[in-house]
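By written order: A, B and C. Residues from 1 in each chain.
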């Protein structure tokens, strides 16, 4: 990616690249002058963007005459001169090099310093970069801002996500000034309070899928367990029992047993917390008491759970579809055909079996179809286009339908195996039976909630009603 | 989903949740004070968001001292006191509890009341909530706004869709004031006129896929008809004729006949209205006369038609790919192999058949590939990134190519069956023949339009030219 | 699509269409009056949008009394009167009809003329429309703007992409005025400088996938070459050698050889430039020297390369999955089964073969799964939601993992064929061997870069450090 940014920078200074280099800048009198320290990728992109929005820009550099190519229309002078000329200074410099700024303290006195810096990893330094900067130049008003934007994002115009600018600082006036500039750039400003919030702002760009951790761990754990379970019951059991080595089945057959199991369990885990929350509210008779943290955390990662479940289902589908081209399967079929012929029995199609297998496939396909639909509607741009009612319809109603189809698919797979003891090797049930527990529970609970009486009181609770509250009018005033 | 919102609220008040709780609020003098009635999810989220944007917030509550957790930095007082202190009051209360506001009429006189309420279903009340509020407090300037936003959307920053704020009211000044606040929140304001528009605004969040209804009904209708048709011709016919029960084929074989048929018909129905519109314009010799409503409605749901067609095609693909693992198919193949062997004939590969089936599959796959491409480009975020010319290129040029591939795929499937009478059971043609009618018509018409002469005059018409207009210069001035 | 716009226009003027027609407009005193020339699709949509935002609108038309339906609340008069009344005039007229504006020169003197026009194709006229307009009415201040928006986009509210408004003009004040209007419409303004930029702005909407050209050409070239190569080695060779016609295999078998090959090569070409760039930086010892243009261009189309590679992989998967339902394959299997039986040998499952084929499939599936994941995360709305670190993690780390899986998949396919000479027909290697070259090279180079020593110095360089620089402190100040 770094190379990516570089390429943009070089692109930026190429005359033919329309979207980047301004073709000359307006010379209006009322233009405000802003100063930028540092002529790196970010400094250049920021300057260019500001120029396009109609600001005048002066860069502060140690080598005003021999620095990297800058956007057209910007001036370059020494840091001191630049600082003098403007009231707002963007500090686009690595923290490691802040120290030299101390020498500029007099020129920077009373100025607004915007700290846009980020670190390579968390907790690299005892204090936030912005706080460090403030300590270096006590006379200036340091504002932390723009650090969540990338040079790339600035160049190509603010996209939906990078349109948010978080800023914090101790001087409200200073923040106001920075906010104005940000708004002119077409960005949305969110004030995060005093400079003590700088650390959090600096940690934003460093986060790596925080909300995916829990679901991922869960998925890996389940996969590992069921893989072990299946290998024991199939490979090891067969080897011990008949001394036959069917280890090769690990690659596809076993994988194709584990993936659907994990997928179904995780899908049902998306809907379990909602059901639990409902019962908790029914039990408490109010919605105004907070849920236990574990439930909160669980509910906040439902989307991730669902998407992981979908990806496992996707793998399951592919693994299923390649079955007939597997060497092993072809061998088996040829063998059975020859055996049938040798036995010389007249072949009879088992209608029930045909019905069962076909419905098994059919239900599975429909379930997967809905699965994919859920996945698509959880794409940001799609869910944004949905009204709240539409979104909840798809995610809850269709979601439960998907869960039902997939569970039913599994039951059809089990069919009559549930009873015949021959399947309980070493007194353990087949894996797919284990995986049916959670979804079954979820659906039973959901059915209970759908009972008119239960449903009614739940709705009342969610609209703000409270069971044992003397003056519940006041509560009722709350908008759900 | 309600649980979802709850979880957010609880998340909101947790100190560790970076993205939500402000870490202290600016104490700038020029901060404006806004008042919020009601401390429910929405009221809290709104307040928090306003605090982050730099406003001062005072909540009005019946129980100022014992109400749900509120965002840091907000004050809470009685409704009366709160109303007094601010000129702009957000009423985040259920309509059922508006009545008590009447008592506050004196304090609310001349204030701007923002009604953000929604109802659980349409036409629950004779008049819109906002109009009801205005009637209760005639002295106040009621503005309907923000009701299309969700508490969730407010917390997580405005996303592309929820960035639109529709407002309406009778006082332009009041609306101006609310618009300013909305803009500061990074939202786009759309004035919908007088308060009489409130009803429509309140119906927005309640709509459930209005533009999908027609296509869905169509899809269901077609599916039902063809399913019946196919079952009659196959299952019933075989049963009556040979007394053989092949009902099990319903699950997969029949489904896999119906889905592609419906898919192809609906795909062609996406392109039929465009063609009709073109001919209508040619016939009228102008583009300035409105189309009949049915055509309008049809053209406005083309995207939905296409997406449904795609989903049916998707199911068709899955149903086709599981064919070889079906018990029935394996049985058939084994039987035929054994029969071949018994017959002891030397096997000869039919080259023509090989060519035909392979091209049949190949064309189908390419068609489906394009299908998927169309689907992807119709994702909001993708189509937004396309220039108008690019979008029309994909949706029309590639769209017709897809239609051609899929139709050709079906013709290859039919091959020589068209002529042999044995396929016309009970004098009815096979279903796939029926489904070929519409696409064939569409493509023939499209070819006509592409004829240079026709194309030329059509282009002229679409650029504003009119056939029999004395002073068509003036018309020509219209920009197409 | 033109029909599409038409439908919208007619929709617009239908009373029942909520989202479009304003239900009465505010009568606030401070409303500003804007003038629009031309009552075509664009003029009407623009006017309506402006009305909704709270402006007063007057249309200038040659036939004020008999022109197409206009948005409610707008007045219509003659061009002259309209021009007089407002200071800002939107010229929504085809360039061909500008000439008549010359007659309005006196009324338009000193006014701001906004040229929103586009042409049907590039370089249709010697000078840009806006420059032509300026030449016609030297007294007016022409500003080029809004031409990248569509009537459709204006009606349905600005979406993420169409939110950018590029404007250019010679008068800064005039541009400021237009910018204010644009901002009120919720659009982001980008000043592109003087009127000489008009041509570029007018070319924006006409571009047709400029960044896709190179990758597409490459894909087509590779496909053509390998198709020819495979056909020669298989069909022609067999025909010449054994006089057997297996041409039918072109449709599926050959296609399914070519697609995966092209896919793998293009995937590796996504990662090659990054590696080259790294080595170039290592060699130069700095990141501040621009890359050669060819490398820049290459790096800027990596995303497109990757998406094309994905689509080829997608086709490969489908072509693979239909194998077992092909007539030819079924014939082959039946034949071999019969042969086996005749030979009357006892069938023995080749465990190694089973292992190999299964792992071959398994690795392929996992690779494809990652492939799809990469594709999904490159959707605008998804990648926007990722932090910079998350995006680079997926696109580089997971990207290389994908490359590894797919390459390994191909090696497993080759297995022991690499050595047996029988596969080198006409002394040429099988196609899949050729396609292994690039990915292997890329991965070896990447491994070199990952060596601690190399990695360390590369990181230093990318943070701004330079090898042989006397005063590198100053350089160090640049923020990467």
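Methods note: a contact is a pair of C-beta atoms (placed from the backbone, for glycine too) under 8 Å apart; a residue touches a chain by one contact, two chains touch by 3 or more.
These numbers come from a predicted model, not from an experiment.
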item	value
Between subunit A and its twin subunit C, rotation from the CA superposition, multiple of 5 degrees	120
Fraction-based call for subunit B against subunit A, same above half, different below	different
Centre-to-centre distance between subunit B and subunit A (centres being mean Cα positions), rounded to whole Å	23
Residues of subunit B engaged with two or more neighbouring chains	160, 204, 321, 324, 333, 337, 341, 379-382, 384
Subunit B contact footprint on subunit A (complex, rising order)	160, 163-164, 168, 172-173, 175-176, 179, 188-194, 196-197, 200, 203-204, 273-274, 277-278, 287-288, 290-291, 293, 295-296, 299-300, 302, 317, 320-321, 323-324, 333, 336-337, 340-341, 347, 349-351, 353-355, 357-359, 361-362, 365-366, 368-369, 372-373, 379-382, 384-393, 395-396, 462-464, 471, 473-474, 476-480
Parts of subunit B lying in touch with subunit A, wherever the complex brings them together	1-7, 10-11, 13-14, 18, 22-31, 37-43, 51-54, 61-63, 67-68, 92-94, 96-97, 100, 116-117, 148, 150, 157-162, 185-186, 204-209, 245, 247-249, 251-252, 255, 311, 314-315, 318-319, 321-322, 324-328, 330-331, 333-335, 337-338, 341, 379-382, 384
